[in-house]
Structure formats: structure tokens, C-alpha cells
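The structures considered in this document are given below.
Each of the next two complexes has subunit A plus one more chain, namely subunit B in the first and subunit C in the second.
The block that comes next holds the complex of A and B.
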């Protein structure tokens, strides 16, 4: 903004403009931004500040701030084994879902990018999970994981492999939820990555072919660098989504067994809407916000260097 | 890139400043509004009754009954609306008990609150303390309504300090359901269900096969409360919270430990099947022959019999060997009336409550859903007798309730933080099944519950 003003200044050298005139551009800008400022303000910033405010209080039965406790809610969280466990589960969940999900979607996008007859059918199938709501998908997975009538255990039984308590064994539950989450997110990532692939200029591949480059060489030197902005976007979004997973946890495990899938968002929900402790719930929310903020900043700082913008 | 960064930072800073300004402006405005709201409700200002075009008083009835329960309830409300010409009751499904309570918390005490609402039994203390409700005792006294016609053991739960705050409605108790065919195969007497913890443990090891576990229990706090109560154990101090505000949980005493050891023994022997926290899962496990005995709600008995391809037996829940059976606590929900609404609307709610407790309506309700009739006269109705002849298991559930000895243990605990405490029990059970020490997990659950009680007591002053 400052450069613009300097450009404009020499024209009216004779009379220094008043404050009103000088801020004209700024005011116009604000006017254009007003709709989004209002919307963000009401739906994002007000709730955010309210959350921070509540995190310093204990709330009463109606959810109103009742007793000011300063940083006690945060202190309690950091000492609470349950919360540390939630934090650990969340990090594990992110590690399970993000790399696997992105690689799977990338693989599907690469094979669906080939020009073959009937490829439209496969593209539709691969992106179809996007059209399934988290709740519906979770219910389907719930049946597949079912301990007595589930598909997976019947399948294992065919090969005489021992039964797995997919959602009831604390060692497996997080993994099971992660599998279903990867499946749910694949459609969206696939679609975005395919869009990215289709945007890559054909001439690049033609020139490479003339130079005698093989498929994998092209993949490494043309496709991935050209796709990097899209990949960066997908990784960021997947990461944030993984941190905020809720629906599948609520339906598949309700945070159990033995808290092994009690991710932070779920634990916030339970603290706020089952236990009505909006104070500690808000403190957890602030903590999660800070985590995502740090991760995203780190990603922009280090990840974006590898991104090639055209 | 640096430029982009700086621009972004500028924008963020601008937003933050704007929002801070916005907040400081809006907060003082918001506060008096809230005060005004609570003000009207405290005074109980006269409200206009909602009257429809036919001149009838119309009230909303929030409930949490889905499936068959919802159909039955809709039919009952329709029956009420047709039985008289002054009032109309509109039942509205609001999700699970927990979801209904969450919605109620946000509009309770305002004019948008429904005149009539169904709240689960463990919300009783919360509702009384909330100040949103009009005790039905007021109408019972004004109308000289005879509550002695209602089931004593159900009233016992809902009577607090000798007053009835809400009208009991759908009530259930736990029962032990077992697979009679599996009992025969294992050489056990199918007509004689195990009665004590030791009996259950012994039967489980006989019933255990490669395909089938002996015993299972839903990982749900309610069952623990019941197994505790049937030994006469208390959940919280101050006489289970009935003599005063409870300040401490006491369920980690010898009775609680009995329950956890009972489960731990079978779990270590490999005869206990863990089917998680979902009702449908454990029911599916039973009817598909993966477990031979489990505990269900009396409201689930009819369904278990119908969906199982074998003969199903029902029995009293087991108790520890060294104590006699005390009986069961009532579960389910009751109906509450809003305060601060028009007198006619309260009257409508009261008339509907009275209609609900008539033997005919209760007979229908009992048969449709498997919940108890709160009016035992319903059991004398012909349709009930016919059904009982067909399903003698129903009779067992009613006998178990009527055999219950009234005491503070079987009255059930009164605390406002029950949902949270149940969550603590679930975690304790799950840790137990992973091999943790029974006493240790119970102590942790008590600690968690105590913190919740302490916060609740601290913030309600």
C-alpha cells in the first residue's frame, strides 16, 4: 500500500493533501473488505475471543463464566494424563492419515490422468468419496469393523487368521479410524490433484519425450515440480483436517477404547457438551489453535521453499 | 515472498484491532440483555398462552424417543389431543437425552422453552437446581392427585425431599439375558440362571467355546451403578446425595471393588467378551451367538427375543456372593414442566401427564416399548396379560423391580455431574479390560468424579 501512495504523491506536489484525501484509498479498501470483515468477525473472530475469554474461567451449569481461575485451566490440562494422551493420539493420527492419504490420492490422480478410453468412469469412482458425508461413511465403516458381523473379520476368518477387535482394541482403534479417514479424504485430495495435473502444460512433456526422458524421469522433473503448489495446498488442508477430525470419531469409537482415539477435538466436544465444562474445553481449544498455527507457520516457512510457482 | 508476508501480517493485525474494538463494544450490550432474560424468568412474569386458531392451548413436548418409542409417543399424544378439546400437545423429537439436555441448557427459562420435556433420570438433580422448572408436586397438591396408584419403586427414585419434581415416565431396569440353548449344550440348567458373581464366573467358563464368550456387559456407567446398588453400595456421600449436596464419590469402596474384580476375573480367564460401548454391537453379539449371557435394559428384552434364533432367558442381575440382593435402580426418564410460562400451558402439560399415567395408556406404552408401566394397574389390562403369556421374560423384569428393597442405595444417587462421572466409569472399565488394577482404575474414576463435583459445587454458589 505504501508504494502506491509514494507513486501518487509527486503528481500533487503543490498542495499537500488532507487526511481525508490521503486515506481515500484505504477507506475504499476497507469498504470492499467490509463484507468479509463482518462475516469473519461474527463467525470466526468473535467466537475465537470468546473462547479465549472462557478459558480463564470455570463455568456454571448454564455455561456462563462463574469463577475466574486465571491460568488454572491450562495448568490442569498440562498436568492431566488424559489430555496429554489426547495430544499424543492426535499427533499419531495426523502421522497416520496425512502422508498415506496424500500419497494414495497422488497415486490415483497419476493413473487417472492417463488418456484412456473410459477414464471418466474411474475418475468419478476415485472422487466419489467426496460425495459421501462423514456420518454416512462412518456408519458404513462401523459395520465393516463390527466385531461379530463385520466384513473385515469375516474376511480374516476365510484365511483362518485370528480375529481383530478393530474398534475395541486400544492398539488397533486409532489405526482403524485412520484407515476410514484416509478413505473419506481421498476423494477430495484426488480431485484437487487431478485438477493440478491437468493444468500442466502438454508441451513440457512433448519436449521431454523428444529429449528421450522416461516416465519416471518426467514424473520427478516435470510433474512433481509443476504440481508442487497443488501438493502444498493439499498437504496443508489435510493436516488441518486431520487435526480437526470429529465426525468419524464420534460415530466409530466415541473416543474409546481406553481413550485411545480421544483426539483433542473430540475431547473438547466431550468436555463442553457432555460435561459442560466450557472453561477447560476452551483451554483445550486454544491449545489446539496454537498447535495448528505453529504447524501451519512452520509449513509455510520450510515447506513452501520447495514449491515451484509458475 | 517477503512482501506477501508483510502484507498478510498487516491484514491480520488490522482484523485483530477491529475485532478487539468490536468486542469491547458488544460485550456490555450483551450483558444487560442476558440479565433481562434471567430477570423475567426469576420473577415468573405472566406470559400469554400460545393459542391456536381453534382456540385451543398448544404446547410443545420435547422428547428423546426414536424409532418405536417415537411412534408410540406420537400416537399417545394424538390420543390425548382427541380425548378433550382444550389442549393440543405437539411432541417434538430432539435427539438423544444428552442432545435434548444441551438444547434445553441454551433456552431453559426463556419463553422459547417447551412447556413439557423429557429428561433422563441422571439429569434429575440438574433440573431441580436449574430453576427452569415447576415442580409437579404443586399440581399434585392442587388437584389432590393420588400418586399412590403409581409404581412405588419408580416414585422412589424421583421423590426428592418428599416432593415429586417431575412425573416419572419411561422407566427401565437392567436384566440378565442368556442363551438357553447354549446353557443346554454346556450342561447347565437353562431354567436356572446364575444368581451371584461366583455363579456367573463359573457358568461363563463352562459356556466359553471358541466361538462364544461366557459373559459380557456393555461398557456403560449405568450397569456399574446397578451392580453397585444391588449390593447396597452407595455412589456418592451424603446418603447418595439425597440428604444434602454430595461432595465426594464413594463408589470405590468394597462393593465397587467387588464389581470390578468380578469383571476382571472373567476378563483374565478369557471368558468375558468386550463388545464396546455401543448397544447395538453387544445385542448383535448376543443374537449372533458370540456371547451367552449379557445385561440389557428391560426395554431391550422384546427385541432380543425376536432377533435371536435361540431361546432367550431373562433373570435378575447378579450380586456379590457375600451380600443379599437389594434390587435395582430405576433408569429411563421423567417429564418436567417449565416455569415462567402461562398458567394455561402448565395446565395443559399437567393434563397430559395425568392422561399418560392412566392404565390404558401405560399398557400400550409398556407393550410398544418394553418400558415399565408407571401405573401398575396397567399390568391387569388384558392386552398386557396376553403378551406376558407369550413372553414370560417381561414378567421377570417387573418382578425384579417390585422385589427391590427401598433404600438410599436402590433409590439411586443424585448428583448434577452424572454424565461426566459415567464417562469416568467407562474409562475405568476400558482400562480394566486392558489389564489395569481394579482398585487403581476405580480410584482414578473417583478422583475424576470428585473434581467434577467440586467444580459444580464451586460454580453454583
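The block that comes next holds the complex of A and C.
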């Protein structure tokens, strides 16, 4: 671009271009980036720093910092049985939902990746749960878990097995919520994994077939290694999703029974908007932030090296 | 591709069983939406008749039409906002080399590490202090900027040949004219993918509308479902399920129509 101007006014070549000219591209770029930067600043970065700041204070009802207490909020949380319980429930919930959810989605993606007649219909069905909101899905599952008229207990009754209090028994509630969550997330995971499978080069399979390799050999030696970036991505997303679960808790159990499903985001929500303890709620939010941070850093660091890229 | 008959049978069996299991909750909700209370108590699986009583009742008991309209406005608003903000940012990343680009890029990536739920308390107070509770801008504006969307579009913009850019400059097309007249039209598919994704996720949003709507004026359908469920739970599941079906139909349709597109686009944005 600058050559045009130099041609037109050769005298000016001697003078180095001024700061204004040199930064012209930077200024244009900023113009295009400004909307994003302002919005991120106002709704992501500022609130994040504000959350960290508030976590060192006791707050008033309007969420203003009132008394500086240093690390007391954190100390209080680490000694509070309720928070430790919530942390435990969250970790259990992650363990229940992530491996099972990814394996289920992988299985569906594998069988839906075959070139068969009518496969498009099955793909649509498998991705359908992505179109069902958390609220709608939770309401449907709430009914299926219903003690007397829900379909799970009706089904058990066929075999003369007694009722299970899916959502009312502290031993079952977290498991039940996890099952419904796996179902809700299947559509999205399936869609991403199917996309990953379809990106694998066909030729790899053709040569394997000539060598007479069987289905499971191909799966182990070609499909899974080539799919590993996608798999790693979907594991990360599932982990983050599990940490962020809220809607299903709010509708299915409200954190109960006996706090057994009081997952971290629900706990933050209650602490802040029901109990108005914005300081300790912020400290919990910082914990959540750290968990997600660790997961994403692992994804960036570990994921890039360990997985096979095409 | 040829597949032996027994192998085909195995795959079709697996496909069918999985489809039945996975689709069961949706089909079940659909069937129940036609049932009356007594029918439900009997534990029937199929309704006696496909009458629309429950659907009429649900629109009667809840300002559902109003909620649907709100959800539509909010989802379309976020969709358009995201498309505008993300495509501008992606354009700068691809076509304008400038000092500090790596730093800005890092800023964008770092937003992906901050879970939205961890910042919801200050965000709530920002909206409250702006007097934006119960407004459309309070529901939409915080979601306009999206790192994932920017990266998805950036991926596509990068495939536009550099020669095209040079030719445009020679022809005297300014950066914005090039952006509007060349870049956007050739990236239609990515824009559609991001648009569908934005619409879908916003339609299904739950926690934020719960926080920033305190009355019916801009309340979305998802919160309507929560209301419906807590009002009706003991009495009339048929009506509740009718509400569920009404709420999921728009997104299911969107998904069925755009499934292929969405899958392609999301995989690209996610992985490269």
C-alpha cells in the first residue's frame, strides 16, 4: 500500500513515515476489534477481576464490598461441610457424566458413520437432543423419574422390583441427574465426533482392507488414533459442561435431597441470589474458575502433543 | 462400498435400538402431551385420541405466546449481534496485519478459559446498575462477543485467496468495502453455521434469563417451562408436556434442517 504513495511523491521517501502513518493499520484493526474488546472488557474481564476482588470481602445486600477479610472467605469455605460436600458432588458428577457420555457418543458416531441406506435419518435422531433445551429435557426427565407414574418405576414394576426414589433418595439422586445430563449432551458430542470421523481420509481404510484388516483392528489402529484430536476436544468440552451444569439441578432436585446434588454452580447461585452472601459466593466462583482453567490449560498443553494430527 | 449381509443386519439392529432408546424421551413427551390425568394414572402408553386440549390449556394458563416471542427476539438478537461482532473481529485477524495481533489473539483465547458462571455475580450487578433488568438488551448484549465464533469465521476467512484481497486494493476498494462486498458474501456457509449455533444456544439459555427477568415482560420460554412445571406438577402432566413440545419444536426444526451444516462448521471451528 505504501508503495503507491511513494510513487506519487518521491520526495517524501527521504523522511521516515510519521507515527500516524506507521500505526495506520493498527488503528484500522482496532476499529474492527473494538466491539469485541469492549464487550469482553465489560462482560468478561472486568467481572472476572471483580469476582476475585469481592472474594476478599464481606459484602452488603447490593453486592458492594463492605469489610475486607483477606482470605477468610476461602478459609471459611474449606472448613464448611456444605462447600466440601458440593465440591465432592461436583467431582462425582463429572466422573459419572464425562466418560460415559463420551463413550456413548463415540459409539453412536461410529455406527452412524457407516455408509448405509437411511443413515441420514439415524444421524438426525442421534443429534436431536441438541435441539432440546436443558429446561425442556429436565421437565421430561422429571416425569420419567416420577415415583409412581414415571416410566422407570413402571418398568421396574413389570419385573416386580420395588420402587426406586430416583430423585428423592440421596443415594440415587446424583446418579439420576447424571443419566439425564448424559442424554442432554449426547446430541452435541455425537455431532462433533461424527464430523471428526468424516474428516478421516478414506484411503487409510482402503489399504487396510486390502491387507485384510478386520473392523476392530481398523478401529484401534486407524479410527481412534485419527480421531484423537476430536476426542480430546469433546472430552474437554464435556468436562467444562459438567462443571457448569445448572438448569437440570434447578428443575430436577434443587440441590437436594440432603445437599447430595448441590453442584458448584447451583451452590454459587444460592449463596449469591438466595442468601445474598456475595463474598463467599465469589470465592466459590474463583474455585470454579480455577477448575476450568486447569482443564483448558491441560487441553492446550497436553492435548496438542499427545494426540495425532493429520 | 459393499458390506456383507450379516454385518449390515448387525449395524441396522444397533442403529435401530440406539435410535429408539435415544429418542424415547422426546416421543414419550409427545405422547403424554395428548393424555388426560386419568389416562396417565392408568399408565397407558398411547393416548386415546390426539386431541389438542392440553395445548389450548397451556396457552391459556401461561402467556406462552408472549414468551415464545421474547425467546425469538432474544435469540435472533444474539444471533445478529454475534455475527456482526465476530465477523468484524475475524476480518481484522485475517486481513489486517498489525502490531500486537498476537496479544489481542491471546486476549480472545483467554476469554474461553473464563466460565460464564464464574462472572455472573458482577454481571448481574452491571445489568442492574444500567437499569437493564427485564430488558432485551440486558438479555442479549453480554453475549455478542464470542471467541469461538470469531475463530470459526477466522478459519473460513483464511481460505479466501490473498490475490482477491490484493485485487480489491488495486481496484481501490477500502477495507470495509472489501469486508462487506467480498468477504461476507463468500463466507455465507460459516455465517449460517454460526448463526444457527448462536440462535440454538440462546434459545436454550436458562441461568441468565432466570437472573435478569423478574416479571413476564421479556421472560423467555425456558423460564416459562420452569414456572409451568412448578405450578402444574401435581395436577396435569399432559399440559406440562404440551408446553415442552411447543418449546422444543423451533429448535428441533432448526436442527433437522441444519444438521449437516452445523456438524461440518462446528468441527472446523473447534479443531483447526
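Everything below uses one rule, namely that the second predicted complex is superposed on the first by the 264 of 310 C-alpha atoms of A that agree within 3 Å, B and C clash if a C-alpha of one lies under 4 Å from a C-alpha of the other, contacts with A are read in each partner's own complex, and residues count from 1 in each chain.
We take it that a residue touches a chain if its C-beta (ideal position, glycine included) is under 8 Å from a C-beta of that chain, and two chains touch if they have at least 3 such contacts.
The structure displayed is predicted, hence computed values, not measured ones.
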Next on the checklist: If we overlay the two complexes on their shared chain A, which of subunit B and subunit C does A:167 touch? Say first, second, both or neither.
Outcome noted: first
Item to check | Of subunit C and subunit B, partner touching more subunit A residues | outcome: C
Item to check | Touching partner for A:66 - first (subunit B), second (subunit C), both, neither | outcome: first
Checklist entry - Does subunit B (first) or subunit C (second) touch A:292, or do both, or does neither? => result second
Next on the checklist: With both complexes superposed on chain A, which partner does A:256 reach: first (subunit B), second (subunit C), both or neither?
Outcome noted: first
Checklist entry - Is A:149 touching the first partner subunit B, the second partner subunit C, both, or neither of them? => result both
Checklist entry - Can A:270 be said to touch subunit B (first), subunit C (second), both, or neither? => result first
Next on the checklist: Counting contacts the way the document defines them, which residues of subunit A are shared by the two interfaces, the one with subunit B and the one with subunit C?
Outcome noted: 1, 37, 40, 45-46, 62-63, 149, 273
Checklist entry - In the complex formed with subunit A, which residues of subunit B make contact? => result 1, 10, 15-16, 18-20, 22-23, 26, 34, 98, 102, 105-106, 108, 126, 129-130, 219, 274-277, 281, 284-285, 288, 290, 416-417, 419-420, 423, 426-427, 430-431, 433-434, 452, 455-456, 458-460
Checklist entry - Which part of subunit A faces subunit C closely enough to touch in the complex? => result 1, 23, 25-26, 28-30, 32-33, 35-37, 39-40, 42-48, 50-51, 54, 62-63, 107-108, 111-112, 114-116, 119, 122-137, 139-144, 149, 151, 154, 183, 186-187, 191-192, 194-196, 199, 229-230, 233, 240, 243-244, 246-247, 250-251, 265, 268-269, 272-273, 278, 281-282, 285-286, 288-289, 292-293, 296-297
Item to check | Interface residues, subunit C side, partner subunit A - complex | outcome: 1, 3, 8, 11-12, 14-15, 18-19, 22-23, 25-26, 28-29, 32, 40-41, 43, 84-86, 88-89, 91-92, 96-101, 104, 107-108, 111-126, 141-142, 144-145, 150, 169, 175, 179, 200, 203-204, 206-207, 210-211, 222-223, 225-226, 228-229, 233, 237, 240-241, 243-244, 247-248, 251-256, 259, 262-264, 266-267, 270-271
Item to check | Residues of subunit A that touch subunit B when the two form their complex | outcome: 1, 37, 40-41, 45-46, 49, 58-64, 66-67, 82, 146-149, 165, 167-168, 170, 254, 256-259, 270, 273-277, 304
